[in-house]
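Before anything else, here is the set of structures, which you'll find just below.
Two complexes are shown next, each including chain A; its partner changes from chain B in the first to chain C in the second.
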Partner chain A sequence: MPTTKLGFIVQRAGYKSENPKLALTHAIASQSVEVYLNDGDIVTADIAFIGDGVLNCKKDQKAMDIYKLTSTETHIKMSLLLDLNVMVCKEDLDRFGMTENDIVLDAEEFGAELTVKVVPFAEITKMMEGMNHLLFF
Partner chain B sequence: MGKLTIGCFASLVGSMSLDFAVRLAGTALDKGHKVDLWVSGNGTMLSIKGQRAFKDYSALEKPLKELMEKGLNVTACEACAEARGYHKENTLDGFKRHSMDWYLASSFDADRVLHIGGE
Partner chain C sequence: MKLAVFVSDYRLTVDTLDRLNPEKLGIILVQNGVYHATTKENGKPSSLLNKSASYYALIDDLETRGLGNADVADNVKVISYSDIVDLIFNEYDKTAWL
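Here is the complex of A and B:
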(Lines of atoms letter the chains of each structure in order from A and count residues from 1; the text may use other names and numbers.)
(Lines give C-alpha, C1' and ligand atoms only; values in the text may rest on other atoms or scores of the structure.)
Protein backbone atom coordinates (compact mmCIF):
# COMPACT_ATOMS: atom_id res chain seq x y z
CA MET A 1 0.00 0.00 0.00
CA PRO A 2 1.78 3.22 -1.13
CA THR A 3 2.28 5.42 1.90
CA THR A 4 3.86 8.84 2.25
CA LYS A 5 4.89 9.75 5.78
CA LEU A 6 4.90 13.42 6.75
CA GLY A 7 6.53 14.72 9.92
CA PHE A 8 5.16 17.96 11.33
CA ILE A 9 7.77 19.54 13.57
CA VAL A 10 6.46 22.38 15.73
CA GLN A 11 9.19 24.58 17.14
CA ARG A 12 7.43 27.86 17.85
CA ALA A 13 5.34 28.89 20.81
CA GLY A 14 1.60 29.13 20.40
CA TYR A 15 -0.58 32.22 19.96
CA LYS A 16 2.35 34.51 19.14
CA SER A 17 2.18 33.15 15.62
CA GLU A 18 -0.29 31.04 13.67
CA ASN A 19 2.26 28.37 12.83
CA PRO A 20 1.61 25.79 15.56
CA LYS A 21 -2.11 25.74 14.92
CA LEU A 22 -1.56 25.48 11.17
CA ALA A 23 0.76 22.54 11.81
CA LEU A 24 -1.98 20.75 13.69
CA THR A 25 -4.77 21.56 11.25
CA HIS A 26 -2.64 20.43 8.32
CA ALA A 27 -1.69 17.24 10.15
CA ILE A 28 -5.34 16.58 10.95
CA ALA A 29 -6.11 17.03 7.23
CA SER A 30 -4.25 13.76 6.66
CA GLN A 31 -7.49 12.10 7.66
CA SER A 32 -9.34 13.38 4.59
CA VAL A 33 -6.55 13.37 2.02
CA GLU A 34 -7.78 10.16 0.37
CA VAL A 35 -10.33 12.13 -1.67
CA TYR A 36 -7.40 13.36 -3.79
CA LEU A 37 -5.55 10.04 -4.00
CA ASN A 38 -5.96 6.70 -5.70
CA ASP A 39 -7.53 3.84 -3.78
CA GLY A 40 -5.07 2.45 -1.25
CA ASP A 41 -2.75 5.44 -1.26
CA ILE A 42 -2.16 6.86 2.19
CA VAL A 43 -0.60 9.95 3.76
CA THR A 44 0.29 9.70 7.44
CA ALA A 45 1.13 12.53 9.81
CA ASP A 46 3.34 12.41 12.88
CA ILE A 47 3.65 15.50 15.07
CA ALA A 48 6.58 16.47 17.28
CA PHE A 49 6.83 19.49 19.58
CA ILE A 50 10.38 20.63 20.14
CA GLY A 51 12.15 23.77 21.40
CA ASP A 52 9.73 26.58 22.23
CA GLY A 53 7.07 24.48 20.52
CA VAL A 54 6.60 22.37 23.66
CA LEU A 55 4.81 25.38 25.19
CA ASN A 56 1.91 24.59 22.85
CA CYS A 57 1.23 21.52 24.95
CA LYS A 58 0.49 23.40 28.19
CA LYS A 59 -2.77 22.13 29.58
CA ASP A 60 -5.78 24.17 30.72
CA GLN A 61 -5.38 26.74 27.94
CA LYS A 62 -7.96 29.55 28.09
CA ALA A 63 -7.98 30.54 24.42
CA MET A 64 -11.74 30.25 24.15
CA ASP A 65 -12.27 32.43 27.23
CA ILE A 66 -9.76 35.09 26.23
CA TYR A 67 -9.52 35.07 22.42
CA LYS A 68 -12.77 33.24 21.57
CA LEU A 69 -10.61 30.74 19.70
CA THR A 70 -10.31 26.99 19.77
CA SER A 71 -7.22 26.31 21.85
CA THR A 72 -4.12 24.60 20.58
CA GLU A 73 -4.73 22.16 23.40
CA THR A 74 -8.03 21.17 21.79
CA HIS A 75 -6.29 20.66 18.45
CA ILE A 76 -3.77 18.36 20.12
CA LYS A 77 -6.64 16.40 21.62
CA MET A 78 -8.31 16.17 18.21
CA SER A 79 -5.04 14.84 16.81
CA LEU A 80 -5.05 12.11 19.44
CA LEU A 81 -8.67 11.31 18.68
CA LEU A 82 -7.67 10.82 15.04
CA ASP A 83 -4.87 8.47 16.10
CA LEU A 84 -2.03 10.77 15.08
CA ASN A 85 1.31 10.15 16.75
CA VAL A 86 2.06 13.17 18.97
CA MET A 87 5.48 13.45 20.57
CA VAL A 88 6.90 16.04 22.95
CA CYS A 89 10.60 16.55 23.57
CA LYS A 90 11.48 15.75 27.17
CA GLU A 91 14.66 17.79 27.23
CA ASP A 92 12.83 20.90 26.06
CA LEU A 93 10.11 20.40 28.65
CA ASP A 94 12.86 20.19 31.26
CA ARG A 95 14.36 23.40 29.92
CA PHE A 96 11.12 25.22 30.75
CA GLY A 97 10.83 23.52 34.14
CA MET A 98 7.80 21.63 32.88
CA THR A 99 6.82 18.04 33.51
CA GLU A 100 4.20 15.68 32.16
CA ASN A 101 1.87 17.12 34.79
CA ASP A 102 1.93 20.49 33.01
CA ILE A 103 0.92 19.33 29.54
CA VAL A 104 -1.99 17.75 27.77
CA LEU A 105 -1.40 14.02 27.69
CA ASP A 106 -4.67 12.49 26.56
CA ALA A 107 -8.14 13.16 25.22
CA GLU A 108 -10.12 10.64 27.17
CA GLU A 109 -13.14 12.94 27.23
CA PHE A 110 -13.25 12.69 23.40
CA GLY A 111 -12.75 8.94 23.46
CA ALA A 112 -9.20 9.01 22.16
CA GLU A 113 -7.14 5.92 22.79
CA LEU A 114 -3.73 7.35 21.94
CA THR A 115 -1.80 9.54 24.34
CA VAL A 116 0.90 12.16 23.93
CA LYS A 117 4.37 10.63 24.21
CA VAL A 118 7.02 12.56 26.14
CA VAL A 119 10.26 11.26 24.71
CA PRO A 120 13.96 12.13 24.51
CA PHE A 121 14.96 14.17 21.46
CA ALA A 122 16.81 11.13 20.15
CA GLU A 123 13.50 9.38 19.72
CA ILE A 124 12.07 12.35 17.81
CA THR A 125 15.13 12.27 15.59
CA LYS A 126 14.49 8.60 14.94
CA MET A 127 10.89 9.38 13.98
CA MET A 128 12.10 12.15 11.65
CA GLU A 129 14.51 9.78 9.94
CA GLY A 130 11.57 7.53 9.09
CA MET A 131 9.58 10.26 7.37
CA ASN A 132 9.43 10.91 3.64
CA HIS A 133 9.09 14.65 4.16
CA LEU A 134 9.51 16.98 7.12
CA LEU A 135 7.53 20.18 7.55
CA PHE A 136 8.87 22.65 10.11
CA PHE A 137 6.44 25.07 11.67
CA MET B 1 12.12 15.27 -14.25
CA GLY B 2 10.70 15.45 -10.78
CA LYS B 3 7.88 16.99 -8.87
CA LEU B 4 8.44 19.75 -6.32
CA THR B 5 5.76 20.71 -3.81
CA ILE B 6 6.31 24.08 -2.16
CA GLY B 7 4.22 25.16 0.80
CA CYS B 8 4.54 28.78 1.80
CA PHE B 9 2.82 30.33 4.81
CA ALA B 10 4.45 33.77 4.76
CA SER B 11 2.64 36.93 3.70
CA LEU B 12 3.10 38.71 0.38
CA VAL B 13 3.99 41.98 2.05
CA GLY B 14 6.14 41.97 5.18
CA SER B 15 8.26 39.00 4.23
CA MET B 16 10.38 37.97 1.27
CA SER B 17 9.60 34.29 1.66
CA LEU B 18 6.80 34.30 -0.93
CA ASP B 19 9.12 36.07 -3.38
CA PHE B 20 11.63 33.29 -2.82
CA ALA B 21 8.99 30.58 -3.21
CA VAL B 22 7.69 32.02 -6.49
CA ARG B 23 11.21 32.50 -7.89
CA LEU B 24 12.16 28.97 -6.90
CA ALA B 25 8.99 27.66 -8.52
CA GLY B 26 9.93 29.48 -11.71
CA THR B 27 13.43 28.07 -11.71
CA ALA B 28 12.16 24.55 -11.16
CA LEU B 29 9.61 24.93 -13.96
CA ASP B 30 12.31 26.23 -16.30
CA LYS B 31 14.33 23.12 -15.56
CA GLY B 32 11.37 20.99 -16.59
CA HIS B 33 10.09 19.97 -13.19
CA LYS B 34 6.45 19.87 -12.20
CA VAL B 35 5.71 22.34 -9.41
CA ASP B 36 2.80 22.57 -7.00
CA LEU B 37 2.67 25.73 -4.88
CA TRP B 38 0.45 25.72 -1.78
CA VAL B 39 -0.16 28.90 0.18
CA SER B 40 -1.73 28.85 3.59
CA GLY B 41 -2.07 31.24 6.52
CA ASN B 42 -0.91 34.73 5.56
CA GLY B 43 0.46 33.25 2.34
CA THR B 44 -3.08 33.27 0.94
CA MET B 45 -2.55 36.99 0.34
CA LEU B 46 -0.84 35.87 -2.87
CA SER B 47 -4.19 34.77 -4.27
CA ILE B 48 -5.82 38.20 -4.29
CA LYS B 49 -6.25 39.81 -7.65
CA GLY B 50 -5.75 43.48 -8.34
CA GLN B 51 -2.45 43.75 -6.48
CA ARG B 52 -0.91 47.13 -7.13
CA ALA B 53 2.80 47.04 -7.78
CA PHE B 54 4.87 49.58 -5.88
CA LYS B 55 8.62 49.72 -5.96
CA ASP B 56 8.86 49.30 -2.20
CA TYR B 57 6.62 46.26 -1.78
CA SER B 58 6.67 42.76 -3.15
CA ALA B 59 4.31 42.44 -6.11
CA LEU B 60 3.98 38.93 -7.45
CA GLU B 61 0.78 38.96 -9.49
CA LYS B 62 2.54 39.45 -12.81
CA PRO B 63 5.29 36.83 -12.36
CA LEU B 64 2.78 34.44 -10.85
CA LYS B 65 0.50 34.71 -13.89
CA GLU B 66 3.46 34.07 -16.16
CA LEU B 67 4.38 30.95 -14.17
CA MET B 68 0.80 29.72 -14.20
CA GLU B 69 0.89 29.98 -17.99
CA LYS B 70 4.02 27.81 -17.87
CA GLY B 71 2.17 25.17 -15.84
CA LEU B 72 2.58 26.20 -12.22
CA ASN B 73 -0.17 24.60 -10.18
CA VAL B 74 -1.00 27.04 -7.38
CA THR B 75 -3.58 26.55 -4.67
CA ALA B 76 -4.63 28.53 -1.61
CA CYS B 77 -6.05 27.22 1.62
CA GLU B 78 -9.70 28.13 1.31
CA ALA B 79 -10.35 28.43 5.05
CA CYS B 80 -7.26 30.59 5.60
CA ALA B 81 -8.34 32.84 2.71
CA GLU B 82 -11.94 33.15 3.83
CA ALA B 83 -10.83 33.93 7.40
CA ARG B 84 -8.95 36.90 5.99
CA GLY B 85 -11.81 38.09 3.80
CA TYR B 86 -10.18 36.86 0.60
CA HIS B 87 -13.20 35.55 -1.25
CA LYS B 88 -13.49 33.54 -4.42
CA GLU B 89 -14.57 36.54 -6.48
CA ASN B 90 -11.35 38.33 -5.50
CA THR B 91 -9.12 35.41 -6.39
CA LEU B 92 -6.73 35.50 -9.32
CA ASP B 93 -7.96 33.56 -12.34
CA GLY B 94 -6.46 30.09 -12.32
CA PHE B 95 -5.58 30.24 -8.62
CA LYS B 96 -7.25 27.21 -7.03
CA ARG B 97 -8.74 27.08 -3.53
CA HIS B 98 -8.96 23.86 -1.57
CA SER B 99 -8.85 22.52 1.97
CA MET B 100 -5.56 21.61 3.64
CA ASP B 101 -5.67 17.99 2.54
CA TRP B 102 -4.79 19.20 -0.98
CA TYR B 103 -1.30 20.08 0.27
CA LEU B 104 -0.84 16.67 1.82
CA ALA B 105 -2.10 15.01 -1.35
CA SER B 106 0.38 17.00 -3.39
CA SER B 107 3.12 15.85 -1.01
CA PHE B 108 2.13 12.24 -1.58
CA ASP B 109 3.89 11.88 -4.91
CA ALA B 110 6.33 14.78 -4.64
CA ASP B 111 10.01 14.04 -4.98
CA ARG B 112 10.75 16.95 -2.68
CA VAL B 113 8.57 19.02 -0.36
CA LEU B 114 9.86 22.45 0.59
CA HIS B 115 7.86 23.84 3.45
CA ILE B 116 8.38 27.53 4.18
CA GLY B 117 6.66 28.50 7.39
CA GLY B 118 5.06 31.79 8.19
CA GLU B 119 6.31 34.77 10.15
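Here is the complex of A and C:
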Protein backbone atom coordinates (compact mmCIF):
# COMPACT_ATOMS: atom_id res chain seq x y z
CA MET A 1 0.00 0.00 0.00
CA PRO A 2 2.25 2.87 -1.21
CA THR A 3 1.60 6.22 0.37
CA THR A 4 2.54 9.44 -1.41
CA LYS A 5 3.06 12.28 1.02
CA LEU A 6 2.60 15.85 -0.20
CA GLY A 7 3.76 18.88 1.78
CA PHE A 8 2.20 22.25 0.96
CA ILE A 9 4.17 25.21 2.32
CA VAL A 10 2.39 28.57 2.28
CA GLN A 11 4.81 31.46 2.62
CA ARG A 12 2.88 34.43 1.21
CA ALA A 13 0.05 36.55 2.56
CA GLY A 14 -3.36 35.95 1.03
CA TYR A 15 -5.85 37.67 -1.26
CA LYS A 16 -3.47 39.91 -3.22
CA SER A 17 -2.90 36.83 -5.31
CA GLU A 18 -4.73 33.53 -5.45
CA ASN A 19 -1.46 31.74 -4.73
CA PRO A 20 -1.86 30.88 -1.00
CA LYS A 21 -5.45 29.75 -1.41
CA LEU A 22 -4.39 27.56 -4.34
CA ALA A 23 -2.14 25.63 -1.96
CA LEU A 24 -5.18 24.74 0.09
CA THR A 25 -7.25 24.00 -3.00
CA HIS A 26 -4.60 21.60 -4.26
CA ALA A 27 -4.21 19.97 -0.85
CA ILE A 28 -7.96 19.45 -0.63
CA ALA A 29 -8.11 18.19 -4.22
CA SER A 30 -5.35 15.68 -3.46
CA GLN A 31 -7.85 13.79 -1.35
CA SER A 32 -10.10 13.07 -4.30
CA VAL A 33 -7.68 11.37 -6.67
CA GLU A 34 -8.59 7.76 -5.84
CA VAL A 35 -9.70 7.23 -9.42
CA TYR A 36 -6.11 7.64 -10.57
CA LEU A 37 -4.59 5.38 -7.91
CA ASN A 38 -4.19 1.66 -7.59
CA ASP A 39 -6.25 -0.08 -4.94
CA GLY A 40 -4.85 0.65 -1.51
CA ASP A 41 -2.62 3.52 -2.61
CA ILE A 42 -2.97 6.65 -0.54
CA VAL A 43 -2.10 10.32 -0.99
CA THR A 44 -1.69 12.42 2.15
CA ALA A 45 -1.32 16.17 2.35
CA ASP A 46 0.21 18.27 5.11
CA ILE A 47 -0.06 22.05 5.07
CA ALA A 48 2.29 24.47 6.81
CA PHE A 49 1.98 28.24 7.07
CA ILE A 50 5.30 30.01 7.49
CA GLY A 51 6.62 33.57 7.10
CA ASP A 52 4.01 36.03 5.83
CA GLY A 53 1.86 32.96 5.13
CA VAL A 54 0.73 32.87 8.76
CA LEU A 55 -1.36 35.98 8.02
CA ASN A 56 -3.67 33.69 6.02
CA CYS A 57 -4.71 32.09 9.28
CA LYS A 58 -6.28 35.22 10.81
CA LYS A 59 -9.80 34.43 11.93
CA ASP A 60 -13.00 36.37 11.19
CA GLN A 61 -12.14 36.95 7.52
CA LYS A 62 -15.09 38.58 5.74
CA ALA A 63 -14.12 37.86 2.13
CA MET A 64 -17.55 36.38 1.35
CA ASP A 65 -19.41 39.37 2.79
CA ILE A 66 -17.33 41.92 0.94
CA TYR A 67 -16.01 40.38 -2.26
CA LYS A 68 -18.22 37.26 -2.54
CA LEU A 69 -15.09 35.14 -2.29
CA THR A 70 -14.68 32.01 -0.25
CA SER A 71 -12.32 33.06 2.51
CA THR A 72 -8.95 31.46 3.09
CA GLU A 73 -10.24 30.83 6.61
CA THR A 74 -12.97 28.60 5.17
CA HIS A 75 -10.42 26.77 3.05
CA ILE A 76 -8.40 26.04 6.18
CA LYS A 77 -11.53 24.72 7.87
CA MET A 78 -12.29 22.50 4.88
CA SER A 79 -8.75 21.14 5.11
CA LEU A 80 -9.37 20.21 8.74
CA LEU A 81 -12.64 18.61 7.79
CA LEU A 82 -10.68 16.35 5.42
CA ASP A 83 -8.33 15.45 8.27
CA LEU A 84 -5.37 17.22 6.70
CA ASN A 85 -2.54 18.12 9.02
CA VAL A 86 -2.42 21.94 9.23
CA MET A 87 0.54 23.54 10.96
CA VAL A 88 1.34 27.19 11.71
CA CYS A 89 4.84 28.37 12.54
CA LYS A 90 4.97 29.69 16.10
CA GLU A 91 8.05 31.86 15.55
CA ASP A 92 6.35 33.66 12.66
CA LEU A 93 3.15 34.16 14.64
CA ASP A 94 5.28 35.66 17.42
CA ARG A 95 7.05 37.91 14.92
CA PHE A 96 3.69 39.42 13.94
CA GLY A 97 2.57 39.68 17.55
CA MET A 98 -0.14 37.11 16.92
CA THR A 99 -1.30 34.34 19.24
CA GLU A 100 -3.55 31.30 18.94
CA ASN A 101 -6.43 33.61 19.84
CA ASP A 102 -5.94 35.48 16.55
CA ILE A 103 -6.07 32.53 14.18
CA VAL A 104 -8.48 29.87 13.03
CA LEU A 105 -7.83 26.79 15.12
CA ASP A 106 -10.70 24.41 14.43
CA ALA A 107 -13.73 23.70 12.29
CA GLU A 108 -16.03 22.38 14.95
CA GLU A 109 -19.06 23.89 13.20
CA PHE A 110 -18.40 21.56 10.26
CA GLY A 111 -17.71 18.55 12.45
CA ALA A 112 -13.95 18.45 11.93
CA GLU A 113 -12.04 16.58 14.57
CA LEU A 114 -8.53 17.80 13.79
CA THR A 115 -7.32 21.21 14.85
CA VAL A 116 -4.65 23.57 13.56
CA LYS A 117 -1.32 23.00 15.29
CA VAL A 118 0.90 25.92 16.24
CA VAL A 119 4.40 24.47 16.19
CA PRO A 120 8.04 25.60 16.14
CA PHE A 121 9.64 25.82 12.69
CA ALA A 122 11.79 22.82 13.63
CA GLU A 123 8.67 20.68 13.64
CA ILE A 124 7.67 21.98 10.22
CA THR A 125 11.16 21.12 8.99
CA LYS A 126 10.69 17.64 10.36
CA MET A 127 7.37 17.35 8.53
CA MET A 128 9.05 18.48 5.30
CA GLU A 129 11.75 15.86 5.65
CA GLY A 130 9.11 13.18 5.76
CA MET A 131 7.35 14.23 2.57
CA ASN A 132 7.80 12.71 -0.89
CA HIS A 133 7.01 16.00 -2.61
CA LEU A 134 7.15 19.59 -1.37
CA LEU A 135 5.12 22.34 -3.01
CA PHE A 136 5.85 25.96 -2.11
CA PHE A 137 3.23 28.67 -2.53
CA MET B 1 2.30 67.99 -7.18
CA LYS B 2 -0.31 66.43 -4.95
CA LEU B 3 0.17 62.70 -5.33
CA ALA B 4 -1.86 59.79 -4.03
CA VAL B 5 -0.01 56.49 -4.08
CA PHE B 6 -1.83 53.19 -3.83
CA VAL B 7 0.20 50.52 -2.07
CA SER B 8 -1.21 47.06 -2.63
CA ASP B 9 1.60 44.79 -1.41
CA TYR B 10 3.03 44.11 2.01
CA ARG B 11 6.52 43.31 0.75
CA LEU B 12 7.60 46.11 -1.57
CA THR B 13 10.29 45.14 -4.03
CA VAL B 14 10.85 48.66 -5.33
CA ASP B 15 12.05 51.80 -3.57
CA THR B 16 10.05 54.22 -5.71
CA LEU B 17 8.09 55.44 -2.73
CA ASP B 18 11.30 56.55 -1.02
CA ARG B 19 12.29 58.58 -4.07
CA LEU B 20 9.03 60.44 -4.47
CA ASN B 21 8.92 63.90 -2.97
CA PRO B 22 5.66 65.61 -3.88
CA GLU B 23 4.42 68.70 -2.07
CA LYS B 24 1.58 66.58 -0.76
CA LEU B 25 1.69 62.81 -0.49
CA GLY B 26 -1.19 60.50 0.33
CA ILE B 27 -0.59 56.78 0.77
CA ILE B 28 -3.67 54.67 0.26
CA LEU B 29 -3.25 51.15 1.59
CA VAL B 30 -5.32 48.60 -0.31
CA GLN B 31 -5.27 44.84 -0.84
CA ASN B 32 -2.26 43.37 1.01
CA GLY B 33 -0.99 46.91 1.54
CA VAL B 34 -3.36 47.15 4.51
CA TYR B 35 -0.95 44.96 6.48
CA HIS B 36 1.33 48.02 6.71
CA ALA B 37 -1.38 49.65 8.83
CA THR B 38 -1.95 46.70 11.12
CA THR B 39 1.15 44.57 11.38
CA LYS B 40 3.92 45.04 13.91
CA GLU B 41 6.81 42.77 13.12
CA ASN B 42 8.89 42.19 16.22
CA GLY B 43 6.81 44.90 17.86
CA LYS B 44 7.70 47.55 15.29
CA PRO B 45 5.17 49.22 12.99
CA SER B 46 5.86 49.15 9.26
CA SER B 47 8.59 51.62 8.23
CA LEU B 48 6.23 52.74 5.48
CA LEU B 49 4.30 54.62 8.15
CA ASN B 50 7.28 56.86 8.95
CA LYS B 51 6.94 59.12 5.94
CA SER B 52 5.60 62.63 5.87
CA ALA B 53 2.31 61.63 4.32
CA SER B 54 -1.36 61.18 4.94
CA TYR B 55 -2.24 57.51 5.33
CA TYR B 56 -5.46 55.74 4.47
CA ALA B 57 -6.51 52.07 4.62
CA LEU B 58 -9.49 50.58 2.81
CA ILE B 59 -11.97 49.05 5.24
CA ASP B 60 -13.14 46.41 2.75
CA ASP B 61 -9.65 44.99 2.40
CA LEU B 62 -9.08 45.12 6.17
CA GLU B 63 -12.24 43.19 6.95
CA THR B 64 -11.61 40.67 4.17
CA ARG B 65 -8.41 39.74 6.02
CA GLY B 66 -10.03 39.49 9.44
CA LEU B 67 -8.84 42.94 10.48
CA GLY B 68 -10.69 46.09 11.52
CA ASN B 69 -10.50 49.65 12.83
CA ALA B 70 -9.07 48.53 16.15
CA ASP B 71 -6.06 46.92 14.46
CA VAL B 72 -5.02 50.03 12.52
CA ALA B 73 -2.17 52.34 13.53
CA ASP B 74 -3.17 55.72 14.92
CA ASN B 75 -1.81 57.70 11.98
CA VAL B 76 -3.85 55.76 9.42
CA LYS B 77 -7.40 56.75 8.56
CA VAL B 78 -9.78 53.92 7.70
CA ILE B 79 -11.79 54.77 4.60
CA SER B 80 -14.34 53.32 2.18
CA TYR B 81 -14.29 53.02 -1.61
CA SER B 82 -16.36 56.20 -1.93
CA ASP B 83 -13.86 58.01 0.28
CA ILE B 84 -11.12 56.96 -2.15
CA VAL B 85 -13.09 58.47 -5.02
CA ASP B 86 -13.40 61.70 -3.05
CA LEU B 87 -9.66 61.74 -2.35
CA ILE B 88 -8.81 61.22 -6.02
CA PHE B 89 -11.14 63.95 -7.22
CA ASN B 90 -10.77 66.50 -4.44
CA GLU B 91 -7.41 66.10 -2.70
CA TYR B 92 -4.81 64.90 -5.17
CA ASP B 93 -3.75 65.85 -8.71
CA LYS B 94 -2.30 62.50 -9.69
CA THR B 95 -2.37 58.89 -8.59
CA ALA B 96 0.18 56.11 -8.81
CA TRP B 97 -0.06 52.41 -8.05
CA LEU B 98 2.91 50.60 -6.54
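Following the convention adopted for this analysis, the second predicted complex is superposed on the first by the 137 of 137 C-alpha atoms of A that agree within 3 Å, B and C clash if a C-alpha of one lies under 4 Å from a C-alpha of the other, contacts with A are read in each partner's own complex, and residues count from 1 in each chain.
The definition used in the following text is that contacts are C-beta pairs under 8 Å (C-beta built on N, C-alpha and C of every residue); 3 or more make two chains touch, one makes a residue touch a chain.
Note that this is a predicted model, so its numbers are computed, not measured.
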Task: Clash-or-fit label for the pair chain B, chain C on chain A - done: fit
- [ ] Using the touch definition from the top, say if A:Glu123 reaches chain B (first), chain C (second), both or neither.
- [x] neither
TODO: Answer with first, second, both or neither: which of chain B and chain C does A:Glu91 touch in the superposed model?
DONE: neither
Task: Contacts of A:Glu100 with chain B and chain C, given as first, second, both or neither - done: neither
- [ ] With both structures superposed, pick whichever of chain B and chain C touches the larger number of chain A residues.
- [x] B
Task: Superposition-derived angle with apex at the Cα centre of chain A and sides reaching chain B and chain C, degrees in steps of 10 - done: 90
TODO: State whether A:Lys59 touches chain B only (first), chain C only (second), both chains, or neither.
DONE: second
TODO: Determine, under the contact definition given at the top, whether A:Thr4 touches first (chain B), second (chain C), both, or neither.
DONE: first
Open item on the list: With both complexes superposed on chain A, which partner does A:Val43 reach: first (chain B), second (chain C), both or neither?
Closed with: first
- [ ] Could you look at A:Val35 and tell me whether it touches chain B, chain C, both or neither (first, second, both, neither)?
- [x] first
Task: Minimum distance between Cα atoms of chain B and chain C in the superposition (Å) - done: 12
TODO: Using the touch rule from the top, collect the residues of chain B that touch chain A in their complex.
DONE: 7, 9, 40-42, 80, 99-105, 107-110, 112-113, 115, 117-119
- [ ] Going by the contact rule at the top, pick out the chain A residues touching chain B in the complex.
- [x] 2, 4, 6, 12, 17-19, 22, 25-26, 28-33, 35-37, 41, 43, 45, 132-137
TODO: Show which residues of chain C lie in contact with chain A when the two form their complex.
DONE: 8-11, 31-32, 35, 39-43, 60-61, 63-67
Task: chain A to chain C touching residues, read off their complex - done: 13-16, 52, 55, 58-63, 65-67, 69, 71, 73, 95-97
